[in-house]
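Chain lettering (A, B, C, D, E and F) follows the sequence in which the chains are written, and residue indices restart at 1 in each chain.
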Amino acid sequence: MKVKVSRKAHFNAAHRLYRRDWSFERNEATFGKCNNPKYHGHNYDLIVSVTGEIDAETGYVMDMKVLKDLIKEEVENAMDHKNLNEEVPEFQNLNPTAENIAVVIFNKLRPHIDSSKELEVVLYETPRNFVTYSG
Amino acid sequence: MKVKVSRKAHFNAAHRLYRRDWSFERNEATFGKCNNPKYHGHNYDLIVSVTGEIDAETGYVMDMKVLKDLIKEEVENAMDHKNLNEEVPEFQNLNPTAENIAVVIFNKLRPHIDSSKELEVVLYETPRNFVTYSG
Amino acid sequence: MKVKVSRKAHFNAAHRLYRRDWSFERNEATFGKCNNPKYHGHNYDLIVSVTGEIDAETGYVMDMKVLKDLIKEEVENAMDHKNLNEEVPEFQNLNPTAENIAVVIFNKLRPHIDSSKELEVVLYETPRNFVTYSG
Amino acid sequence: MKVKVSRKAHFNAAHRLYRRDWSFERNEATFGKCNNPKYHGHNYDLIVSVTGEIDAETGYVMDMKVLKDLIKEEVENAMDHKNLNEEVPEFQNLNPTAENIAVVIFNKLRPHIDSSKELEVVLYETPRNFVTYSG
Amino acid sequence: MKVKVSRKAHFNAAHRLYRRDWSFERNEATFGKCNNPKYHGHNYDLIVSVTGEIDAETGYVMDMKVLKDLIKEEVENAMDHKNLNEEVPEFQNLNPTAENIAVVIFNKLRPHIDSSKELEVVLYETPRNFVTYSG
Amino acid sequence: MKVKVSRKAHFNAAHRLYRRDWSFERNEATFGKCNNPKYHGHNYDLIVSVTGEIDAETGYVMDMKVLKDLIKEEVENAMDHKNLNEEVPEFQNLNPTAENIAVVIFNKLRPHIDSSKELEVVLYETPRNFVTYSG
């Protein structure tokens, strides 16, 4: 009886899409207004899902409070009210596209989730643009 | 040409997370404020999905009105405006976590859906906590 | 330059609509399935709005963090994961309809909001039923 | 590192569920009020998802602006503010159920998405009825 | 203690914006693609609000079930799955803009609401376009 | 017959709450993590409402396409994918709180709306924090 349990969280951050090793013109051609050197920002919505067997004793796949606290420690504390490019080490040399942010979040959470369980991350950059990553 | 058709429904219910065979202290340590003996409650949102071939005659995988009525008979009539612990027989000896409620709903619906079709249940306990079960 | 600032919060609670001084039959005729003696429950969404002049120094009408903390102390701590009829003193002899809950919340918050400012409370019992009270 | 990127769009259209080769009575028995010969309509919400490897250079699976423009050209221009039965050629002899509309949209988009990538279409006929198709 | 109680409903309909007494060209210049003679459609969301004193006995301003049934009889039965221009008599000679639909709905409901109470109608044509009318 | 017509729009921007003429410590004490010198950001949702008489000829209070285009020119072009503090002249010496942004947007739109009509601006900084200004 495998069940997927999901928890929604959010954080607000500034970012800019560009590569340090490209010219401004090439960044502009590729990333358009997302390349604004003064940054822009988003209210990111995050859905983290863990899939596994229901524990027969508790009726939980995973205690949602534990999952909520884990997201707070690993993701919100690192990214909320931050400039992703300048203040989050993982994006020092990695373009903070929604795809890359989702992979970074997955990699931050994966070691803390029991290896018998599957992990999935959905990241909404806006209500119209979102990405899904499950390793 | 397999298509998944989904129908959203909802019901309001009271519940309490605890095991009859555990001490109050152990229930409190495990389930926290969800163990309140006077109960609390939720507006549960439910998404039921059925996956199968499109019927070439009607263009339907399954008539959504039939699915809507089935959810009403099997789930809403049994759980809406009810106390899950005290009034829904399936939870007589089963802790009504979101995981277990989803499994119970799946098991109530499964016999009524053609066996050639797949069934999936998503249950939102709150807009931030939800679970998915597909047998 | 009067501006209205609004903060959204939520709490989950059990309740039952009935009057202690009415017969079961009269309660049933008036409140229908909301009179279930075993209770049912809701995810209540709450929007609290404060209207006043923008402070020229801070650019705030009221610090939203202060408003958020006030709602937590006065409303969430009192009502979240509670049985409104049995555990919230204001409903000892008051039927916990959405209307009455909104008035109780307003009265709990009003003394903590500067008297030069207006207060408004919107309470969603479900996404389809909600009430608004402003004193 | 496969990631699914999703883009939400919408269009408003009129339609009627019926088969030209069936009697009015049979259409009425099968499709009920959806068979109204004067038509009714919907605000369709559409989520198009593309799954593939993240491009190491850009950090994109697919440029969301390109996906947005593709949806506009292939779907919105063809269906927005249109009568699906009378003005969209694919439904000349195909009943415009949500299932069939999703398949038609998938088939219009598929040739424009790199064959190494997977495509999925979710179509909301209403917030309560939606379908998913991925080929 | 005046409280506003609100109930959300919805209906799906086809319509076309145009005036019978104008040329096609003038209609086209004024209403653009909304003038499509084959019609288009919407999922209309409707919020009906009634403001009045809380009844001391019941704790209700107005029984929401009564309001729900009234909206069903007066609005949904008249407009759901209908072509507003051709099947709703009020629009025989009245352009079914969101503004005019809201006024028509208000006028249909007003005689059924106690004259001591205020009535307000909010009509969403799409999630991005909506109108409010209160007499 | 006065009706309020509303149009929803959005823009993404970076900002920082602080006063140039205050010490870092005083800014930190007042604005907390919103004072991050590297900025953070939001998906701002904006609802612009215009209240006036329905034009008897068109059935419009104001053509929503005109309102949509006006918001695009005056607000989105000025603020979308921008750093509010550094790139929007109105915030050169004005703290970009939600309150002040709403007033700036109101002042930018007011001259373009017929003086016989009322204007209201609702600005969502997040789905939980929003402000309303109507002059």
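As a convention for this text, contacts are C-beta pairs under 8 Å (C-beta built on N, C-alpha and C of every residue); 3 or more make two chains touch, one makes a residue touch a chain.
Source: prediction; values computed, not measured.
**Student:** What's the chain with its C-alpha centre farthest out from chain B?
**Tutor:** Chain F.
**Student:** Compute the distance, rounded to whole Å, between the mean C-alpha positions of chain C and chain F.
**Tutor:** 29
**Student:** Using CA atom averages as chain centres, what separation in Å is found between chain A and chain C?
**Tutor:** The answer is 34 Å.
**Student:** For chain C and chain D, let me know how many angstrom lie between their CA-based centres, rounded off.
**Tutor:** 41
**Student:** Which positions in chain B touch two or more other chains at once?
**Tutor:** 127, in rising order.
**Student:** When you check every pair of chains, which ones turn out to touch?
**Tutor:** Here the touching chain pairs work out to A-B, A-D, A-F, B-C, B-D, C-E, C-F, D-E, E-F.
**Student:** Taking the touch rule as given, give the residues of chain A at its contact with chain B in the complex, in rising order.
**Tutor:** Where chain A meets chain B, its residues are 1-9, 49, 54, 57-61, 64-65.
**Student:** Going by the contact rule at the top, pick out the chain F residues touching chain A in the complex.
**Tutor:** 10, 12-15, 33-34, 36, 38-43, 80-83, 86-87, 126-127
**Student:** Under the touch definition given earlier, write down the residues of chain B that touch chain A in their complex.
**Tutor:** Residue list for chain B touching chain A: 17, 19, 30-32, 94-100, 102-103, 127-133.
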